[in-house]
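Chain lettering (A, B and C) follows the sequence in which the chains are written, and residue indices restart at 1 in each chain.
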């Protein structure tokens, strides 16, 4: 879900811009280290492929059809760092050229879809690709979409966009349906790709710690769900941050978001460091 | 396809086209921040921003209806949320949601309609956006339309032979992927054949001129004035 | 542009016993002997899959097989790749794969920049070459919007900008309509470089090349005068 400009409150979009910028720089450095020269055009072409593939209709029932979003597919095929970079490029182009998502809101959209979304699209594959490959890929697709959607919803709620109970649950249900479709479509698409050439769907890098990947996934889910719950019940945050003075004071609202974000980033940073150390060991 | 229009627009020669991309990008950001932080009751402010954009469009010699039409693509999405907000009683905020999203889109269109992709990506790079990100953005854009057209033709060919199905769609995606991967190999060969050794040599950036500084200051002053006064 | 006089001693291309096996095991080239003299134009005929494109990818070291390859007297090796790639300019079949930069000018300047020219000199050379191929009107345009014929011209310009001594063209007239093919032929005939042209287009071969080589299952099944080869291998369908 691409959030346009004008929806998020200033502390929310500003914080996410400030947080996403160094994160993208980190991802770019990482992708550069992991990517051999010849893959630079590959990343671009894969980004274009995802854009184009999003046009293809996947009929799932009478009158309904789904489309590939592609986060999990990119993460599995290119690896998480390269996939995150490609997704960021796609989001930037969508914002400026296609008016899909705002410019100030780019930080939020990048955070939701290129960072958290890609992480959630990769970790299940990393964890379960050996035992239950199809389930792992399905989970990757589903979680990738669900994560971005929940984070987006949370950010909208914190910004004060009103979503009374019924509407919120309806949105979540809708996102869940889309997420499950993404899971199924990702499985089908990767299956077709693999039949053409198994080398295009690599197993994840074995050197990275599996426990860490598991912990990262759990943490990601906790934070995502936590952000959503917390933002839907802002009074709870007031009590937690023990201020309760001015319920409209934006520092408190920003705090909840920032804590969650910092946790995710710290975990990714730690994960990255540990993965690197193990590989060189 | 839409892109053809924006590409054509961005090759114009108006005074706005000739401004440094960095100035235009900075002006866009200032405008967006001013717009975004405008409280819903300040309806006169929104009107003033709209007038500012219309003036910019005239300066750029771009068609206002075309611009507005494209910016209006955001409205179905914002209308849903605007309705929700209206329903929960905050009508001014609902209106503000629609106005902000529409005007933001229009402003972004003015940037890309007066600046070719190489221009605004160079501006981003001069503000220390990672080089790899810039390269990927350029490559994605370069091959976006080629591959999209390929996908379109494959869809038509498939539909000529029967109804669409889930399996068919998956097969299409698979073949599109394969052709894209092979295309990437071809591009890499072309790069190697012309001496590529791993580093893209960046294009030199033009100096920031007085007219650019003047333009940027004028935009900032205008936005600030509207923000503070209205 | 200054042209280097060729000594009669070294041929433009001298290849002996070239063999290449794809990673999946197929023997794509099975002992190819080939030569090209300075200023000469040779057409490569053969069925799809006979090894023509694979052969062509060896001429600038994109693929490395067994056997000896000498380009302008330089043996093809890791150390000479850079030099050889500036001497052999390859125009690929798919122009969209060749024109990968955002604008025409940047794409043509890509080669000179890699050769070490300053950005200003690279641009000047790019402009000169684009004038040569008649594409000055499209400097700032995105390659995607050009017609097939225009793309081919820009691709040739991109290669000419490296000042090569040998031009290799892989099926240059595919997807071009007859008038565009004719214009391309006129352009190619005006270029002094030695040429290797992979083509199914008998007319192009007749008009451009002095000699033809026929590929069959990774080997050279015959060579000689263009018309004679076409007739011997029944390479026309009317």
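Definition applied: a residue touches a chain if its C-beta (ideal position, glycine included) is under 8 Å from a C-beta of that chain, and two chains touch if they have at least 3 such contacts.
The shown structure was predicted, so the numbers you read here are calculated from the model rather than taken from an experiment.
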Moving only between chains that touch, what is the shortest number of steps from subunit A to subunit C? 2
Write down the chain pair with more C-beta contact pairs when A-B is set against B-C. A-B
Starting from the Cα centroid of subunit C, hunt down the chain whose centroid lies farthest away. A
Whole-Å separation of chain centres (CA-atom averages), subunit A against subunit C: 45
Please work out the Cα centroid separation of subunit A and subunit B, and write it as a whole number of Å. 22
Provide the C-alpha centroid distance between subunit B and subunit C, rounded to the nearest whole angstrom. 38
Contacts with 2+ other chains: residues of subunit A: 41
Residues of subunit C that contact two or more other chains, please. 100
In subunit B, what residues contact two or more other chains? 138-139, 141-143, 146, 183, 187, 191, 196
Would you mind writing out the residues of subunit C in touch with subunit B in their complex? 57, 60, 62, 82, 85-86, 89-90, 92, 94, 96-98, 100-103, 106, 110-111, 113-115, 119-120, 140-145, 158-159, 162
In the complex, subunit A touches subunit B at residues 4-7, 10, 13, 24-25, 28-29, 31-32, 35, 37-38, 40-49, 51-53, 55-60, 68, 85-86, 88-90, 92-93, 95-99, 102-104, 156, 161-164, 167, 185, 188-189, 191-193, 195-197, 200
In the complex, subunit B touches subunit A at residues 2-3, 6, 28-29, 32-33, 35-37, 70-71, 73-74, 77-78, 81, 84-85, 88, 90, 96-97, 99-101, 103-105, 108-109, 111-112, 120, 130-133, 135-144, 146-148, 150-152, 155, 164-167, 169-178, 180-181, 183-185, 187-188, 191, 196, 198
Subunit C touches which residues of subunit B in the complex? 4, 7, 11, 116-118, 138-139, 141-143, 145-146, 183, 186-187, 189-197, 201, 203-204
